[in-house]
Amino acid sequence: MTILYAIFVDPFVQMAGAPDLLVQALWDGLVSGVLYALIALGFVLIFKASGVFNFAQGIMVVFAALTLVGLHEKGVPAFLALALTVAVMFVLAVGVERVVLRPLVNQPDIILFIATFGLTYFLIGFGELIFGGNPKAMITDQLFLPRGVVDVPMLGGMVSFQKIDIAAAIIASLMVAGLAVFFQNTRIGRALRAVADSHKAALSVGISLNQIWVIVWFAAGLVALAAGIMWGARSEVSFALEIIALKALPVLVLGGLTSVPGAIIGGLIIGVGEKLGEFYWGPLVGGGIESWLAYFIALAVLLVRPQGLFGEKIIERI
Amino acid sequence: MGRTGYRYLAAAVAGCLAAGAVALPAAAAEDSNFVPLFTYRTGPFSGSGIPIANGMRDYLEMLNQRDGGIGGAKIAIEECETGYDTKKGLECYEAVKGKNPVMINPWSTGITLPLIPKAKVDKIPVLSMAYGLSASALGDTFPWVFNPPNTYWDGLSMIIRYIGEQEGGLDKLKGKKLGYIYLDAGFGKEPIPMFEQFAKDLGFELKLYPVAATDMQNQSSQWLGVRRDRPDYMVMYGWGALNPTAIKEAVRINYPMAKFISIWWPSEDDAKSAGDGAKGFKELNWHGVGTDFPVIKDIQKLVVDKGLSQVAKDKVGEVLYNRGVYNSMLIAEAIRNAQKLTGKKAVTGEDVRRGLETIDLTPARLKELGMEGFTDPLKLTCSDHNGHGATFMQEWNGEKYVKVSGPLKPMTDKVEPLVQSAAKDYAEKNTGWPKRTEVCDKAS
Amino acid sequence: MNGPGPNETAMRKAEPRAERADGAPSAPPGRSTGEVLLAVENVSLRFGGVKAISDVSFDIRKGEVRAIIGPNGAGKTSMLNVINGFYHPQDGRITFKGETRSKMRPSVAAAQGIARTFQNVALFKGMTTLDNIMTGRALKMRRGFFWQLWRHGPAMAEEVEHRKFVEEIIDFLDIEAVRKVPVGKLPYGLQKRVELGRALAMEPELLLLDEPMAGMNLEEKEDMCRFILDVNNEFGTTVALIEHDMGVVMDLSDRVVVLEYGRKIADGTPDEVKRDQKVIDAYLGVAH
Amino acid sequence: MLYRETGQFKTTYAADMAVFPLRQDRIGLAVILAAALTLPFVAGEYMLSAVMIPLLIFALATIGLNLLVGYTGLLSLGTAGFMGVGAYACYKLTTFFPDVNIVVWILVSGFFSAGVGALFGLPSLRIKGFYLAVATLAAQFFLQWCFTRIPWLYNNNISGAIEVPGRTLFGEFVTGPNASAEMRYLVVLAVVALLTWIASNLVHGRIGRSWMAVRDMDIAAELIGIRLLPTKLLAFAVSSFYCGVAGALMVFLWYGSAEPEVFSINQSFLILFMVIIGGLGSLIGSFFGAALIYVLPIALKAVPPLFGLSIAAATVEHMTFMIVGALIIGFLIAEPHGLARLWQTGKQKLRTWPFPY
């Protein structure tokens, strides 16, 4: 009986007992959810426009942040380094399209998925060769990202909001809103959605596939840069950051691989679900459950809706 | 995909026979001792791997430059990149095994464990300095494995002793609450049984916060637990990206830095990246930090300034760099003893094992090595492969680590029984674990 | 015909049939009075608001060629899917060989002896023609998992026995030449034949053909008509046929049911249906 | 000229259905098996225990995953987790019954991971395609969490890792420190050859066809009478059996001791890439894939010392990463269907050699 009590009742008693900790947990959950969503967005962008699951998105986050910090270390002033990094991501997008995507244009998606794995290996080696393997600190001050914390006395306790997290939430939501608008009502946005549905149809109406893919990979590069800055600020810029991208997988699957709002809502659900789960239920089983909890949440949802929350319904017609 | 074609071993075996059948060149001809260095300058843990690798290589290079090697025999240094991955580590071991190395420094618990049983068979001693299997401190059961100067159990006993001193006596710990955040792997879990034993004996409450390897940079929920439980002291056993992230999160929830104590692995970068909130963060250490030691000056003069090192100038003298130097000093000392014991210039793994067992760093010897004040004396014997030396607590003051405590002796009364039982348990579990047959040399 | 494989003689090429005046082979009269094999009673099928089939009843007698016709979107393929157990009708009953079926999965329908070809060919692209047809034998093969591991003993004997039966089907359909060719590489007409072969490999009692001649030229159509009639006469398999080519429908089928917007508007012999005013309106459109 | 099938006619169906219809193929196979058997006496210990044993073990795991991804079209990212189950099961079995021969336990441990694999394969009926990867990812992370969290699994060793005891086969040491590389290699070779042959039998029989039917069009398969869930679960079970045995081989005959970190998500990704680059739905492709992804980096590392260049170990590592990445993309562009298809086209060319077509 006590086990049932410990699982179903005690956590909620704890929540009521220390509401400020609950709010803090929710806030932490939201912030990591936003950051997961930001990385997941990179995956969705490329999947939506080219049907390719870009395994290299994780390493692109690291590569973008590393380029920014590496350039700054070599003496380039912060904002110039930022501009140069954006340019580097554009060159990367063009390079990827030319070398990887163009020769594999109408191959099945699983083959392109493997090509992005080759790209990951290449970027790991190239990134470490140029910028060296040692971790670097993210240049938050030079980018005028806020430092310090806002402590808000609330509900009898104290909830602290890191300024950098607030900034991360704002920037991420701006990016998401921008992308959503971009997809819905700009000409290129519509072209992107056309390409996503079928390459041949898009080609037949004169949409240049290569141009679209460069735009999409560039946009994904920008999202990767933003995610790299935010995650780098929270810990450090190093190749260990690439593991974080794995956290985007359940978000992607929960939200549906092809929907931008899905990536956001999925990110928030996973972020909050993970934090609350680990904080309240973790100690019961010795903690550390954060690593697999996200996947079980996503799995539970999938069993109810096999195509994720926002994915198109899979219709099998014979 | 028709059904023609092959379904068996077929050409893959032949195909890679050609690619892999590459004869590896033998070691240099004239008298030299081959010292392979297992390094991880790439991969997620390179932050800690690079300074250690530089420290180890530079000290040995300095010996080659200054004294023409050790006892007249040059040191053949060869780095093998493991990227802290057990697969690559074992591959490196197989690659260097043929070139009769004097000893192996695996520099990862994952790689050390499989090598422990192999050491006796291949007759190559394993030196896992302050990491690896704590039970291997017992020379009688592990004649071929050495883990000076401390085990993780010694480390914990010294941290508890230090906390006792801060509180004015170990009995004052009754009723207090201690938190333990650690990498959820063998390395992090090893001290837990002893920690729980201390909690029972001294009457304090112990709270555990495991961090999975995939979540090292995502510790907000663990630190929220710290904020909920409000432990009086936080002890950390972290590695790689875990350390900097933990320090940052502690600053975030403005946990009192003076109460945050770690085992000996965090480096200056880990604390620096958390900004000035990290002031007061403490960690154990057993060797000096900074460059004003004769041995470090020699390295700067003979190696770094001559451009023979991959280290950045300002990084010389950092915690992990000096740790690499200390590790290489042990290697050189073991080779020198082996040369003295056997009279030979080029020595084998067997000789160096005896050299390691006769290491006796007296204050006078340390002075000769240019390490006066750099570290405390250390003596290894046939049954004690660890030395259980004293360490001290150093504190991060915003720019560098400063020594803030006198020598802390490990509580050998608590550690020794644990080592004995762990060694007995290991020998039982691995049926047919060989008894010690190696001869014991008296210290020369 | 669901006993052991048919004997050699039955599989000989069918001799030319008594020709009808206009040259198309004709079905022997009087066959539509046999006992009912399949009865569909006031079946309705809805997808959300859309009524795909509403209150349709008809039967298929043993041994006859039953055609189901109607303009596009009339619910013909949905009806086949209901018979196949792929869709589950909201109301109405289906009795097959006398027993009424409860909610059922397609694999159970197949076990009862209902085989199917598809409007747009549903072959296994990753396999050769031979493998595709051998897959049709899946239900008949009994050798357990562990025999399959060993393969050389009884499992191989079973493979050879079923291979013999499949070879007869391959002869029957004249596709010996493309036996080892991956199905994806075959032209459209041949793919349709392989699909028919796969359905026949299941030795079905009721064969559902969904527009078997769509996209075929005249010569291929005649071949397919011959195959359908041979299957019906030689094996006595009951055939349910969806087809748009009125010439084929009128010549091949014993009885025809006409659907429009999911409702049955006519049911009877080809001649009756041809003269039914409602059918003409449905096809030629009515100015009202 | 040397690779012609003229004059080789099949008189019985059994002969026609043989896996190796051409005599040259059979001779080629015999030559390769002979080479594999004489390798221990020719090659040095490094070649055996650092190149050949890992290659065969990875090939076995790749075949296992190929049965699932290549033949049944079910994407799985839980391979390392299932390998872990095999390794820990074998460890527990040999601790409870130490006198039973170790090779028996290595094969028996496959059944445990087959059970776990089938369990995590259950969602495969409702979820399809990339979404199914989540169910297996959940398995991967959950199993890895169990390996660290349940001390019973590693006999409460202080080090938290499996330490492999010495076991013998025909009087010779096969596992543990004093097992010679030759013995270990021969045991691995025997197990891998046996399981490859069984996989080939499975794939050419009725079960292989029903898997491929489910892969190509599961609706049509169901309408033919193939029950989807049992077929998919069987695919998961057999695939996990192979991964379990590969896991047990890896820990007992290659590593010698293993931390849970060994069965991490990176290992799953590595094996998935071996399957796809080797060639989906081809057993020979699994060997090629394992060779390219595992052996190539080692071979590349051995190149600089050959030419006497002394490049820093780290730079060599970086270069290896870049070259392997570029090669993978290059291979995919050359032949999207993987190395197996390259091998078949090669044979095709051999058949019409020296004429162009």
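For reference, chains read A, B, C and D in written order, and residue numbers begin at 1 within each chain.
Note that in this section a residue touches a chain if its C-beta (ideal position, glycine included) is under 8 Å from a C-beta of that chain, and two chains touch if they have at least 3 such contacts.
Which chain is which protein? Per UniProt: A, D = Branched-chain amino acid ABC transporter permease; B = ABC transporter permease; C = ABC transporter ATP-binding protein.
Computed from a predicted model, the values in this text were never measured in an experiment.
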Query: Which chain has its C-alpha centre farthest away from the C-alpha centre of subunit B?
result: C
Message: Taking the mean of each chain's Cα atoms, which chain ends up nearest the overall Cα mean?
response: D
Field: Distance between the centres, which are taken as Cα means, of subunit C and subunit A, whole angstrom
entry: 51
- prompt: When the centre of a chain is set as the mean of its C-alpha atoms, what distance in Å lies between subunit A and subunit B?
  reply: 36
Field: Distance between chain centroids, defined by C-alpha means - subunit C, subunit D (Å)
entry: 43
Query: For subunit D, what residues touch not just one other chain but two or more?
result: 141, 145, 148, 204, 219-220, 265, 281, 314, 317-318, 321
Message: If I count partner chains per residue in subunit B, which residues reach a count of at least 2?
response: 1, 3, 41-42, 184, 212, 214
Field: Shared-contact residues (touching 2 or more other chains) in subunit C
entry: 86, 118, 122, 126-127, 131
Message: If we count contacts the way the header does, which residues on subunit C are in touch with subunit D in the complex?
response: 84, 86, 105-107, 109-111, 115-116, 118, 122-127, 131, 134-139, 141, 143, 145, 148-152, 155-156, 159-160, 163-164, 167, 198, 202
- line: Counting only contacts in the complex, subunit A reaches subunit D at residues 53, 55, 99-100, 103-104, 107-108, 110-111, 113-115, 117-126, 128-129, 133, 246, 249-250, 253, 257, 285-286, 288-289, 291-292, 295-296, 298-299, 302-303, 306-308, 314, 316, 318
Message: Give the list of subunit D residues in touch with subunit C in this complex.
response: 12-14, 17, 198, 201-202, 204-207, 209-210, 212-213, 215-217, 219-228, 234, 281
Statement: Touching subunit B in the complex, subunit A uses residues 18, 21, 24-25, 28, 31-32, 128, 132-135, 137, 147, 149, 160, 162, 231, 234-236, 238-244, 246-247, 274-275, 278-279, 282-283, 286-288, 290-291
Field: subunit B partner contacts - residues on subunit D that touch it in the complex
entry: 19-21, 25, 28-29, 32-33, 35-36, 39, 43-47, 49-52, 54-55, 59, 95, 98, 141, 145, 148, 155, 157-161, 163-166, 176-178, 192-193, 196-197, 199-200, 203-204, 254-262, 264-265, 281-284, 287-288, 290-291, 295-296, 298-299, 302-303, 305-306, 312-314, 316-318, 321, 337, 340, 343-344, 347
